[in-house]
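Below you'll find the structures, each written out as structure tokens.
Next, two complexes with chain A in common: one pairs it with chain B, the other with chain C.
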Partner chain A sequence: MLSDWFSDNETLIQAALAGALLAYSFQIALRAGVFTLGGVGFWAIGGYTTAYLVTEREWATVPAIGVGLLLSAVIGLGLALVLGRLRALYLAMATVAFVLLVQIVAINWEDVTGGAGGLFGIPVTVSTTQVFLVVLVVSIALVFFERGARGRTIEAMRLDEQLAQSVGIDVVRERHLIFVLSSVLAALSGGISAVMFNTLAPEQAGFHLITDTLMMVVIGGAAAWWGALVGAIIVTWLPELLRFAEDYRQIIEAAIVVLVIVYAPEGIVGLVRRVRGLLSGRRPPTATPFADIAAATSPDRGHSQPEAELPPAAGRDPRPATQARNPD
Partner chain B sequence: MNAQDLLNVVVIGSIYTLFAMGLTLSWGVLNILNLAHGAIFMFGGLLAYLVTQDSALSLWIVMPMSMVVCGLIAVLLELVAYRPIRRRVADLHASELATLIASIGAGAMLVAIAENVTENQLVGINPETFVVEQTSFLGLRTTNLEIVIVAIAALLSVTLTLFITRSRHGRALRALAQDPYTCGLLGISPDRMAAATMFVSGALAGAAGVLLAMQLNTVEARLGEPLLLKAFAVIILGGVGSVQGAIAAAFLLALAETFTDVYASTSVRDAVAFGLIIVLLLFRPQGLFSRVAWQRA
Partner chain C sequence: MAESMLSLDDVKVHFGGVRAVDGISIALEPGKLYGIVGPNGSGKTTLINAISRLVPLTDGTITFDGTVVSRMRPFQVSREGLARTFQAVRLLPTLTVRDNVRVAVDRMRDGDGGRRGRWRRTPAERNRAENATDVALERLHLTQLAGEYPENLPFGTQRRVEIARAIANRPKLLLLDEPIAGMNREERTEIAEIMKSLRDDGLTQLLIEHDLRIVLSACDHIFVMNFGKCVADGPPRETAARPEVQEAYLGRKHDGGA
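Now for the complex of A and B:
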């Protein structure tokens, strides 16, 4: 029974696993308050590097993916150094520009990338089980990454960068680290996708992938690694679930992103934490980089107000979110 | 580089101007980086295709109609997504990012609708909408369409600049960019101004969409994406929120691109915008022309 289900849905499972890795890449950046969408560019870099080395140079899969990761780490660090000063919208814009540039390179560098048509017949060298193990290992690593002093450091950076700096967190270095980790995870997803689905085209690494991945992280919730995982699974199966909608499927999918970001910006993670908070009788901590609904006591006030960033608003838990969750 | 190339610069720069002005306006005034702008732009062209499918209408009817509808689409986004986010999310940063994600989703929706309508095919506006003829201008080869593009871009950008710098509403708009809270105290409704800004932004995108679709003779769902990259470069070059800066930067970018085209290769051309973004961010992050303080960097 179970094995039947696996073989029937193998492509979807594979897509969910590759999607989860890319969603992790977005999630660790968002959780640290680093709003980069550059992951999709690194997905392409990892993918093309792996595909080129495996197909043209006949390398083994693991070193080929490794080179892709290394290359992405180096480019990621370079990008972090250049864009290090940017915050929020400026960083988002610059990284979207990076993604579009990578796509342009992929279209024009025909010797390596196969041009606009892309690469076909990349040998399939990984099994679903192997990819599952990779995702498992990465997930376990993320569990530790989000716990303890390191986890709190990163949460503090997102909640208030200046405050984090004042308690001795080297924000600049941490942001660079996050940038590199995010790039490497995205390249891992790209490399695995290339040798799992045997084709790779520039159009895959465009706006569409940014939308899909953001959808995973937004639906799942950016506050915890498992939000990205759950989001990846949901988004991958969404086309199946929405099969009845036929031609309107993609429109509905995009509408879901808008609805979730407006009405439930904390995603499933936020929902679960809220329920858990209700059960244990405590107020839920601030869950995502996107929202602090509790602080929105009155509608218009607050927006574009510098002092609103540290709101002494009534009804808000005065403890920092990190303490509220880890009362040690 | 000869005079003919310079004429191309003016035409391309005009399209960039029309596209980037709306984007810089919503960012500067409302802190909305509207990534749906490219999709709204594409919708302008798509609408022109749809209404001229059966019978040719004059460009002078089609374009205003596209502008109004695209303006309304932008207002709709403001009403159903951006405004609720501003209401619910107090933290400025968080609300900017949520708005950005919402705009990506909204853009994806518009693109999906367009893909349905065009069935993923390249379509074209009825050529009888505007009969393109070769003409010469000061001894240079050009078309009457190119002259129209340049004229409309000039007209709209001058109107917008005068509106923002001279009119009462323009002053209110600039005040809103400075401090929405105090604007509320002074009797300027931030909500109404936001809707008006989005309308203007969408209408400009619609005009640009019709004109570029005419010029390229194609409409497709992803028409707007390449222009987003250019618009980013234009906005950074001109300084965020500065309409005059955006106009100047649009022509500078067009000049730089044509220059690479002529002296290097066409494939490098598209990377120029990204190169400009990086160099500007490194050495002059406030933009070439802007006096506005660099935001929180």
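Now for the complex of A and C:
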């Protein structure tokens, strides 16, 4: 029976739903070329704010989560302003530092966070169905966010920042917006997790949550919102499915990630698009959602470098012989 | 010249010790097709990058249609009505030809020309953007290819998509950085015809091009650049025949120093 399966797997379903919200937070940033991993820090901020307000101040759940979102939006904007000039791996490093900073605060601010031991006995005030509805609403919002004019803007920002600027896109403002939205989604995941699992500890909001969430986005694919959702489900269930492997489980998980990166770098979204392309006979484009990293080493993406006037590639640009370089 | 579409006053762009653009003062009248010629490394592309604000000015002032744009960011000067193409074709590989053009009109708004991007567009604004896309595609003979992805298209066609994107938002000034490089003779002539017809519609254009045949036949006025300076300007044929221009292109036989 469906209801039996549901109750047997309720914890996994809850984890997948909370994971999906955090994966969305990573996905919208990565798709726009904003390589931030700060989401985990905002997950903690949202989680602790909600837990504190619900437990210590006896607030209702919705306003408590709301305060967490607001706080994350403000801190997210502040972070965007401070780190605005950083790109690619430099931004990733700086945002990891932010995550570790939040974790240190969580360990030391014992009055609010319960210190290293964390918080226990947070009242469970949300049902799985409610969380499912939240994920549904966010998913629908992302459908609209990623298509049409904004979808094109996001693609342009990731693929070619200079070009985006030259067609009138205010890249700085758009990146700030993405930063804030990404922070808010992560805080939503954290807030919901706090009142769904009734415990919250600093160790949860560390590097392994970054890698887990990145795994979701890589396996699912960052090119569309539903990649994050599928990735969240797979990554949540993987340990369960690999239970037979016992001690070798983590090795198998790592091997799966490597295989996906090598053979399906755009994740499941990319695979589905390739199959759809084969069926329709129209070759879909190939472009990795992590093009930002490649761009970090490419000189012509910078803000102030001159566009080199290189001699034309052989055979591509037959110019008259009268255009010899001045011998001076 | 109060009615200049674009005027540059002693514009300099230096990269460390390299004086890529070194004191250019030119003015473009509206509705004309201008050409910039000069040897490789003479600063043509840097000049266009400076006008479109992709590189910072070391010194000088750029006035575009009555507005000083020297300190503006690239998206702002784009919203003022300046469009450009790039030396290397820069299309978005994950978008169709149609969407590659539409990305340039997505900020089209009634009233303020999209200077303050409102969150939602009205249906009328969206329709106008659709129409502008159709017009641009049609003009560059791309209507049949609207659903294709750029990487499936030949190089010359990709260049046409880039030009369609640049003209879609009905700019006041179009900067073209070697738009026909790498094209065959037939395609070159076709693009030259399109540039002329855009000029006839009143669009001011500034073109960097190495193919002198096209420059001489299409442009109303040319600027010759060498070592970051404008060494000559005037009507195409007479200017190209001048000794200092020949020298810039061919070099001197007896090197008497720069």
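What we mean here is this: the second predicted complex is superposed on the first by the 287 of 328 C-alpha atoms of A that agree within 3 Å, B and C clash if a C-alpha of one lies under 4 Å from a C-alpha of the other, contacts with A are read in each partner's own complex, and residues count from 1 in each chain.
Heads up, the rule we're going with is that a contact is a pair of C-beta atoms (placed from the backbone, for glycine too) under 8 Å apart; a residue touches a chain by one contact, two chains touch by 3 or more.
Predicted model, so just to flag it, every value in this text is computed and none were measured.
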Ask   = Which partner does A:V218 reach: the first (chain B), the second (chain C), both, or neither?
value = first
Inquiry  = Just checking: does A:T153 make contact with chain B only, chain C only, both, or neither of them? Give me first, second, both or neither.
reply    = second
Task = Kindly classify A:Q162 by the partners it touches after superposition: chain B alone (first), chain C alone (second), both, or neither?
result = second
Inquiry  = Contacts for A:V171 in the overlay, against chain B (first) and chain C (second): which applies, first, second, both or neither?
reply    = second
Request  = Give the label of whichever partner, chain B or chain C, reaches more residues of chain A.
outcome  = B
Ask   = Who does A:I261 touch here: chain B (first), chain C (second), both, or neither?
value = first
Request  = Take the contacts of chain A with chain B and those with chain C, and give the residues found in both.
outcome  = 303-306, 309, 311
Residues of chain A touching chain B in the complex = 33, 35, 82-83, 85-90, 92-94, 96-98, 100-101, 104-105, 108, 206-208, 210-211, 214-215, 218, 247-248, 250-251, 253-258, 261-263, 265, 289-293, 295-297, 299-306, 308-309, 311, 313
Message = Please output the residues of chain C touching chain A within their complex, sorted ascending.
response = 13, 15, 20, 39-42, 44-46, 49, 52, 54-56, 73-75, 78-79, 83-84, 86-87, 90, 92-95, 99, 102-104, 106-107, 114, 117, 121, 147-152, 155, 165, 169, 181-182, 210-213, 226, 248-252, 255, 258
Request  = Spell out the part of chain A that touches chain C in their complex, as residue ranges.
outcome  = 149, 152-153, 155-156, 159-160, 162-172, 223, 282-287, 303-307, 309-312, 316-317, 319-320, 322-328
Key: Residue numbers on chain B that touch chain A, as the complex places them   = 27, 31, 33, 35, 80-81, 84-98, 100-102, 104-109, 111-113, 115-116, 179-181, 184, 190-191, 222, 225-226, 228-229, 232-233, 235-236, 267, 270-271, 273-274, 277-278, 281-282, 285, 295-297
